[in-house]
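One chain, chain A, links the two complexes that follow: it is found with chain B in the first and with chain C in the second.
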Partner chain A sequence: MSRADTTASILYHRVVVWLLFLILLLPLAGTLLYSLSTSWSATILPDGLTFKWYFELWGEPRFLKAFGQSLLICFSALFLASILILPLLFVVHYHFPRLDGLMNILILLPFAMPPVVSSVGLLQVYGSGPVQLVGTPWILIGCYFTIALPFMYRAITNNLHAINLPDLMDAAHLLGASTWKAAFLVVLPNLRKGLMVSLFLSFSFLFGEFVFANMLVGTRYETLQVYLNNMRNSSGHFNSALVISYFFFVLIFTWAANRLNKDKS
Partner chain B sequence: MSYLSIKGLNKSYGSTQIFSDINCEIGQGEFITLLGPSGCGKSTLLRCIAGLTTVNGGQILLDGEDLVPVTPQKRGIGMVFQSYALFPNMSVEQNVAFGLRMQKAGKAQSQARVKEALQMVELSDFANRYPHQLSGGQCQRVALARSLVTRPRLLLLDEPLSALDARIRKHLREQIREIQQELGLTTIFVTHDQEEALVMSDRIFLMNAGRIVQSGKAETLYTEPVDAFAAGFMGNYNLLDAETASRLLDRPISTGVAIRPEAIAITADGEIEGLIRSHSLLGNVIRYRVEARGVELLVDVLNRNESDLHDKGQRIVLSIDSQAVREVA
Partner chain C sequence: MSATEPRQSRSKWLAALWLVPFALFFFAFQIAPLIWITLNSVNVDGSWSLANFEKIFSSKFYLQAIKHSLQVGFWSSLFGIIIAIIGSYSLHQVDSKLRDFVMAFSNMTSNFAGVPLAFAFIILLGFNGAITLLLKQIGWIDDFNLYSKTGLIVLYTYFQIPLGVMLLYPAFDALREDWRESAALLGANTWDFWRHIGLPVLTPALLGTFVILLANALGAYATVYYLTTGNFNIMPIRIAGLVSGDISLNPNLASALSMVLLGLMALITIVHQVLLKRSYHVAR
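Right after this comes the complex of A and B.
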């Protein structure tokens, strides 16, 4: 390839990337501007700029409660997922590697079933009878746990394959470590990266989840997305401030987590 | 009395027998190589000695103590793996110190022993590095230091050189042998590379299909193979059946024979006429493919100078050292 061809292809690639970036950024920039405008209806540009909507939003107790409840449900579901999936993965990969094939099918089930269908199923099972969970945060925590499962299973499995688990365990055993010690001192620290990546990915996904939250719990335990839906008839500026706040929270959370997760070496 | 004694050891997975009735005696300070092709059971035997794989029957006696019921943690055995198995989250120093940490050794004692072990493998300057910052050869030296630091009663090496390039492999095998001799450490080394086995070992146990086919000193195994498998595995022997051998040697022979390529000479006073089919240069040796009396033979000749080289299609005369013709079953 000649030099001119290379320059042309680099230019083309850059144009495509920037164009895509702009297309993705445009609705967000529009929403940001709308959330900062005093009013913006019959003019090309807003009449004026203000932080009023943000002050109003962050002073609204119902919003703060929904925000807190969303965080609580997401963190609880991810905590549950972590304490169940890590030992499960360890047992599957160390003692029963053949079960990995079965697990790969099982973890796809939450994705194979459309959320509307599975939420109707959950309503049937947990709406009445001995375990009545519908309308409580518990059903959402359980449900979100199954959604986080595929992300976490895949990411940590890749991590486990990369570290050659059986040899590390064998080496630790021969050096005098019990299985527990080997798992805590040798295996777990090496799964940190996979675990963190999957936790943040799952968090971003769950924090924005609406269908299950709305159908299984609704206003009885309002999450952020359900609150946004319920506020759809209020001021668009207020709603824009809410969307931008949500977006920036996820962005900053992910960025901070990424920073903390950087390798020391 | 032998230091390590294996008696009637059996291992099977379901109906698949990995090895059966393995018996061997190993003296203290000996360097033993388990040599054999892939799947012959040598690595499984090593893992059984380490306690990482259970056995179905038999005894493993180390210094008089039966190891079979003992857990790997308490066997006092060091092991080096083909994949290095270094702990990626720990520095070189922490990796080497891991065994001492498990033994709850004092800090000062631990530091001194780690320093000593790293000096032994010439990696003192790398103590603070992490495994991903090391080359393959350096990783394997760290693994060696880690297994030596606890002063094991027995050292097991499971194909430790297989993942390394030729130059580093050569250097490391010399280093392993030196350290082993310096410490007088009883060592069992598993490999499928006959050159490694010949260079490093005091004795070689040649394995095939789950049994020890032949054991003995390297020289004996090389020059006196007991069967066609041993002859085929230990060198580039010319393996001939009885009829072909009778035709070549012009005398009645009732069993198959094995003839080493270097035992056949290209010489003017020989009696077997032959034709050079091809030749290849193996460094200090030239390997000819020669057809003689309808038999294709490999002939190795020292590469002294270019004028000695015989061209393809050239007619030559061979002589075969009758002492080197080994009858094999």
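Right after this comes the complex of A and C.
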């Protein structure tokens, strides 16, 4: 290949990557601009810029309540997922390694079953009868645990393989630690990074979950996404400020996960 | 060793008790709903019957929903994967600083989906959207209806791109740079290289990605629900309408329609497996 050829191809690849970036950026940039504009209708660019929509949003009690409830549900679900998945991973990998194959099939279910399909069953099973969970935040905590499960299981499994669990446990036993002590004081601290990365990533998509929240609970315990949906007839600028504020939080959490991941390598 | 064995096996079974809470929660929130819809899809007024499925496959309305689901799913996955292929390949060729930045950004935008995404698209591409107006002024389009099938395909394609890049980017590692140089030395041009080397090597990854994108599009609900307030006839909307609408509640019919959706996904996975077996494999 001649030099001119190489320069041309480098230029081509740079242009493609920048175009990809611009395509992905466009909806976000558009919403950001809309949230900062005084009014913007039937023109290509807005009339003027202002922060008033953000002040209005962050002074709105219903928004603050929905925001707090979203955080509460996400954190509770992640706490539940952690206390269910960590012992599971330890027991599977230390005592029953062959169960890992079965687990890898089971964790496909949350992927394979769209939330709208799960909701059909959940609405009937928990809508009436002995366990009535529909309309309460409890059902969302349970559902969000299943959404986070595949990601957390895979991420922490990778982490477990990296630390060589059997050797680590043998070493701890030799030094006189009980299995309990070894699990808590030796294995757990070594999994901290994998756990944190998967928690940050899980948070960033649980925070944006809409289908379960809207179908199973709706306005009875309004989350941020349901609030955004219910505000569809209010000012577009106000809603833009809402979308940008929401995405800002997602950004912080994905960025944190990214940083942690980089430190590891 | 043998002296400690009984103790070890007892502690092993005690450890197994830790699996119980997980199993209970997983059953309650994942398995139980699946069992419920499976049983009730073949249940009409308390007796076994395939009437629900007969109703779906003889109704123009439900067949149209299935058709729309497949069309929007197929085209958005196709456009999404084409953009992801071109993007992933170029990402491999640029300097690491630009690559890391765009990859990180792409991963972040994969969370920009559902209701917020539909909202952003209304601002940009709605009837009075900035891009719609811009393109009209340039004269490239006469009109654009985001709330139509074409509009949905554009919107779905957007959320397929980050997922496609995330899944395909690692696959391009398998394509070694010296292969292209060797091919060029042997007289192959760019087209020959992709036709005979690049695409065959990537085929398994492309098929796998396409299947995931298709499943992703078939199950998507939030975006289309917010965009059309539940008025576009597509499978997830119909399913949700049958269990949470104000009129015509019919959870058993919703279960049957859910089974059709799951069946379509299973069919796609089977086709994928068959194609995978027939495709060319790189010796590992």
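Operating definition for what follows: the second predicted complex is superposed on the first by the 242 of 265 C-alpha atoms of A that agree within 3 Å, B and C clash if a C-alpha of one lies under 4 Å from a C-alpha of the other, contacts with A are read in each partner's own complex, and residues count from 1 in each chain.
By definition in this document, a contact is a pair of C-beta atoms (placed from the backbone, for glycine too) under 8 Å apart; a residue touches a chain by one contact, two chains touch by 3 or more.
Everything numeric here is computed off the predicted structure, so don't read it as measured data.
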item: Which superposed partner A:P189 touches (first chain B, second chain C, both, neither); value: first
item: Which superposed partner A:L24 touches (first chain B, second chain C, both, neither); value: second
item: Contacts of A:H173 with chain B and chain C, given as first, second, both or neither; value: first
item: Touching partner for A:K181 - first (chain B), second (chain C), both, neither; value: first
item: Dominant contact partner of chain A by residue count, chain C or chain B; value: C
item: Touched partner set for A:L102, first chain B, second chain C, both or neither; value: neither
item: Contacts of A:M113 with chain B and chain C, given as first, second, both or neither; value: second
item: Overlap of chain C and chain B interfaces on chain A (superposed complexes); value: none
item: Contact footprint of chain A on chain C as seen in their complex; value: 11-12, 15-16, 18-19, 21-22, 25-26, 28-37, 40, 83, 86-87, 89-91, 93-94, 98-99, 102, 104-109, 111-117, 119-124, 128, 130-131, 133-134, 137, 158, 161-162, 165, 184, 215, 218-222, 225-226, 229, 236, 239-240, 242-244, 251, 254-255, 258, 261-262, 265
item: Residues of chain A defined as touching chain B within the complex; value: 163-164, 167-168, 170-178, 181, 185-186, 189-190, 265
item: Residues of chain A that touch chain C when the two form their complex; value: 1, 9-10, 12-14, 16-17, 20-21, 23-28, 30-31, 34, 40-45, 80, 84-85, 87-88, 90-92, 94-96, 106, 109-125, 142-143, 145-146, 149, 179, 204-205, 208-211, 214-215, 225, 228-229, 232, 236, 239-240, 243, 246-247, 250-251, 254-255, 258
item: Contacting residues of chain B [partner chain A, same complex]; value: 50-52, 71-73, 75, 77-79, 81, 83, 85-89, 98-99, 102-103, 130, 132-133, 143, 146-147, 150
